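In the part that follows, the structures are each spelled out as structure tokens.
Each of the next two complexes has chain A plus one more chain, namely chain B in the first and chain C in the second.
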Partner chain A sequence: MTAVARKKADWSNAMFVAPFLFVYLSLLIYPLLSGMVLSLFKADLFGGREFVGLENFSRLMRDDIFLQAVSNTFYFVLLTVPPLTVIPLILALLLNRTTRVAAFFRGVFFSSSVLSVTIVTLIWRMILMADGGFITNIRAFFGLPAIPFLSDPNLVMISMAMITVWWCLGLPMMLYLSALQQVPRDIYEAAELDNSSWWRTLVFITLPSLYRTVVLVAIFQVVLQFQLFGQPQLITQGGPNGASRPIVLFIFEVGFRRWDIGYAAAASQILFVLILIATVVQYFVTRKRAK
Partner chain B sequence: MSGIEIRGVSKAYGQVSVLEDISLSIAVNEFIAFLGPSGCGKSTLLRMIAGLEEVDGGEIRIGERRVDNLPPGARGVAMVFQNYALYPHMTIADNMAFGLKNIGVDKAEISRRVADAARILELEPYLGRKPGELSGGQKQRVAIGRAIVKNPELFLFDEPLSNLDAALRMRTRLELAQLRRRLKATMILVTHDQIEAMTLADRIVVMKDRIIQQVGTPMEIYSRPANVFVAGFVGSPPMNILKTEIADEAGFASVTLGGHTGIRTGIRMDSLPASDHWRVGLRPEAIRIGVPDQSDLNATVEFVERLGERTLVYARLEDGTPVTAEDSGLSRVRMGDAVGLKLNAAAAHLFNAQGVGYHADGVE
Partner chain C sequence: MTPAQTKSVRDAGVLVALIGLGLIMLIPLIWTVMLSLKSNGDLLRSTANAFHAPYTGENYAAIMQNSQVLHWLFNSVIVSGLTTLGVLILSSLAGYGFARLDFPGRDKLFLFVLFGLAIPEQAVIITRHQLFSALHLHNSFPGLILPGLAAPFGVFLMTQYFRAIPKELDEAALLDNASKFRVFWQVLLPLTVPAQATLGIFTFLSSWNDYWWPLISATRADMFTLTVGLASSQINFAQTSGLGYLMTQAVFASVPILIVYILFQKYIVKAVSGAAVR
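Moving on to the complex of A and B:
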């Protein structure tokens, strides 16, 4: 093959990755970069745009509503990520067997994951509503007062976390189940012959085998839960008094209700950096432990 | 130290029976090999002794204790798995110590036993490594070490050499034989490799189709196969088993082969029952290459395998019957040659219509 022909062939090979590259660049990299640029402008949705440097970021640091949203988001991540890492693991350990009952419950626990956020919030509103909700009715039957799950600033984020855990535990459970099925059967048989108790088998054989999956699930959940939006938007609109407003809802309100696109873009950059830091820290901490 | 008594053991998975009415006595310190083709039930029987499979019927005793209702850990057995089954996240030392820690053995004692096993198996440089950093042969030695440290009453080996390459397999086989002499424990080896069974075991249990076909010393199995399956399965290349007719010649059975009658065997006629038809069994070493027309039979060579110390000659008799014969390592026989075949008919075996084997007296 001549050098010219080879060069031509090399370029034609690039056609194989071109569709992916086009979508990746136009839908991910370009918006990311233009968002970064936008965060340096005072801009609105009608096209008016004025370069302000880091003014948007400085405003954000003084904005109590934004700082409350950041704190709400961290609180929510802390409330959801540990249960979403541990509960699916327990479920997977219990349901990793070939019985029909286990298959049924695998289906039951996974079924919530296929629902859209609209349905999920609708269901949980009916359960948690202080006025005529499912829990309120049960408590009323026993003569107990209603709990203001969605209107008490101290309870509302816990309620959001509860809803989210219920909604999201299916996928991590499936990841754990598939990891469990990768562990060779004969290792467990060797452990049985080694007189290993159920607990010691779990601690010394099963959990070390699942370590990578646990890390994967935890990182995945951190990234996902930092982006909380649908649940508070549909149930409380961030209330009461901003107690359930996460960063993404703040961005949405600033960008699409107040049309302050530059300011919203700056908040988006901060969320991006927060997720990045959390993920990198988690990755390095777990990698160090694995070593 | 314990012998093993297996009485009327059976096993089925749903409608599929895998073992039927297996009974076997294994003496203290005996090395037994379960030999058979894939799917014959040999591994299932081993796993039932280990407690990894439930026993559907019958009972298993180790020493005086009935064990078939005990969990695996309570049976006093150690097993070496085909795929090693080492704990991948533990070091080699921890792999060996895990079973001892589980039963609360004193730390100093654990260290002593692990060090001893590591010395015997030449694993000392690897104690701090993880299984993933070792070669197949080293992993297998760790698996054996994990069994040794437990000082079990019974060692079970489930095809321990089948994942090793040919050279390593031979070396590990020798190591197993030496280990056996040193440990003085009852051992059961499951294998489909007859050389492993022949070289390591005191007695071989040949299995096929859910049942035991024959139990005997390696030479008994080789020289006096109980039936046509054992005759064909043990020995490489397999025994020639050819259709024949028998006649009485001075009290001994004589057979017809390749159109030639009157080939006298060492089998007494009065030891044979009536049968619709007969097959004669001759191992390749009982058929030697000779000069055409001056030997017992004439044949044409179809294929020659030169193995160095001997030569295997695949030939066809004048009536078209294929036979395998043996010649010296220096044989000059070539494909297409006409050769004579000299039979050591005294070493012939006869098999009746049901496949039951009959042998010359005094053949061991």
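Moving on to the complex of A and C:
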């Protein structure tokens, strides 16, 4: 009887997935849905709640601080995604060998990735700050003036991008390395027999076989960098003049400093849609690769 | 030049480039360690003093006596440890269920779980914060741990792993009239140890480094994790007279996670590669 009984769809089998589903529904799906509902209300911390329809969203579209945060976020994504796609690729190409030296350098380039954002910002403040930072000290040695990395509105996002590239390049490097491992060995052997130069092998064999990984890394980084928060929150609090305030910091300030929670929930929906678009693109790219 | 010579010239060039890039990578870390080894008074006069002796271990001695920092370390260990344990249990059970057992709506439910991968933590924060307020869970260990358990990535990873195990193994055991839970526990689970290690280290790292949720949920200093505690120490950064001590905190907070990284390097590599295929 077992064979038949086992094949039959059985409610009791769902017991195995029930604990996770309970946590998932109550802590992720419920907050997501109730956040969507909340975004249609004018609500504060003290339970005051008034249905306003799409008023929060049209208020967002008129809110210069929010629009600045959106444009800051896009600017930051634009500043970080290309270097985070290309530099790790170069590193992976240099480090794709089995020597101990290569293993050591892989460790060096990945080490920053395991640090928390609070450590990273503390470290980089000591590098970038105009008064006594590492770069200021080096420039002073050569008689050069300090650069206001963190207080110049035109430089502050570039500084945030620099910090982020330093912090995040380990993971894409590892992804490229594991993709390089999957390029069939015999293609390289054939190229060697043909006396193909190192450069030609790179351009005609290695890079084309990495194409999908490059696209994947780029989208993965877009999703990740859209969520910028800790670096500006800890170093500049979004300043000077809001020049380094990203969307997530806007949500944080409106939701947890001004307690205008309906409005913050509306801003969260916009972030969700932006990230959802990038994730859907990523899903289709990954699926194609699997075929 | 012979091909062999060309190759060795190229290798030397690669090495020089790597050393240069490696230094850019390491200078911030080295500078932090140098600052942490200077007395606070010395740095107050000029941070350029960190380039030369005298160095001192007094900041490190001070941190060992700072019960608050040690308390944050303890909180981080509890939160990350229990989050990891919880994720492993929930993901393994669900992974087995989705991969091996049949129940109505299973495949739709699995897709529904995958949808969760697209939900950023930041988008649910307002209402999750309200939910935890209503349940009086802020400033408590359950409050810090529970959100980490709603992680669809673990379920996805474990389901894939269970699917890859040959079906003959559990079918034979089921024919012997073993219960489904015993098959899961005694036959299949031991085979998933590599996936458990990968998922475990991935979860531990992200929980240890999480800043967003504990920043919002833990508002009392005695419930801070190390990450949030270190953030609270930098708030008055401009006025601080204890620069060397602050840098020592950064080093102190990095050491546990760097040890974990070195010990589990192999699994971390697997975890990040796995994270990409999701």
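Just so it is clear, the second predicted complex is superposed on the first by the 267 of 291 C-alpha atoms of A that agree within 3 Å, B and C clash if a C-alpha of one lies under 4 Å from a C-alpha of the other, contacts with A are read in each partner's own complex, and residues count from 1 in each chain.
Methods note: a residue touches a chain if its C-beta (ideal position, glycine included) is under 8 Å from a C-beta of that chain, and two chains touch if they have at least 3 such contacts.
Computed from a predicted structure; not experimentally measured.
Of the two partner chains placed around the shared chain by superposition, neither chain B nor chain C is touched by A:V86. Of the two partner chains placed by the overlay, neither chain B nor chain C lies in contact with A:I158.
Considering which of chain B and chain C touches more of chain A, the answer is C. With both structures placed on the common chain, the touch criterion links A:F204 to chain B but leaves chain C unconnected.
In the superposition on chain A, A:S196 makes contact with chain B only, not with chain C. Of the two partner chains placed by the overlay, neither chain B nor chain C lies in contact with A:A130.
Chain A residues in contact with chain B (one complex) as well as with chain C (other complex) do not exist.
Listed in rising order, the residues of chain A touching chain B in the complex are 184, 186-187, 189-197, 200, 204-205, 208-209, 211.
In the complex of the two chains, the chain A residues touching chain C come out as 2, 6-17, 19-21, 23-24, 26-32, 34-35, 38, 91, 94-95, 101, 105, 107-112, 114-119, 121-127, 132-134, 137, 140, 166, 171, 174-175, 178, 198, 216-217, 220, 226-227, 229-230, 234, 248, 251-252, 255-256, 261, 264-265, 268-269, 271-272, 275-276, 279-280, 286. Residues of chain B touching chain A in their complex: 50-52, 71-74, 77-79, 81-83, 85-90, 98-99, 102-103, 146, 150. Residues 10, 14-15, 17-18, 21-22, 24-29, 31-32, 35, 43, 46-48, 51, 89-91, 93-94, 96-98, 101-104, 106, 109, 113, 116-131, 146-147, 149-150, 152, 155, 174-175, 177, 180, 184, 205, 208-209, 211-212, 216, 226-228, 230-231, 234, 237, 246-247, 249-250, 253-254, 257-258, 260-262, 265, 268-269, 272-273, 275-278 of chain C are the ones that touch chain A when the two sit in their complex.
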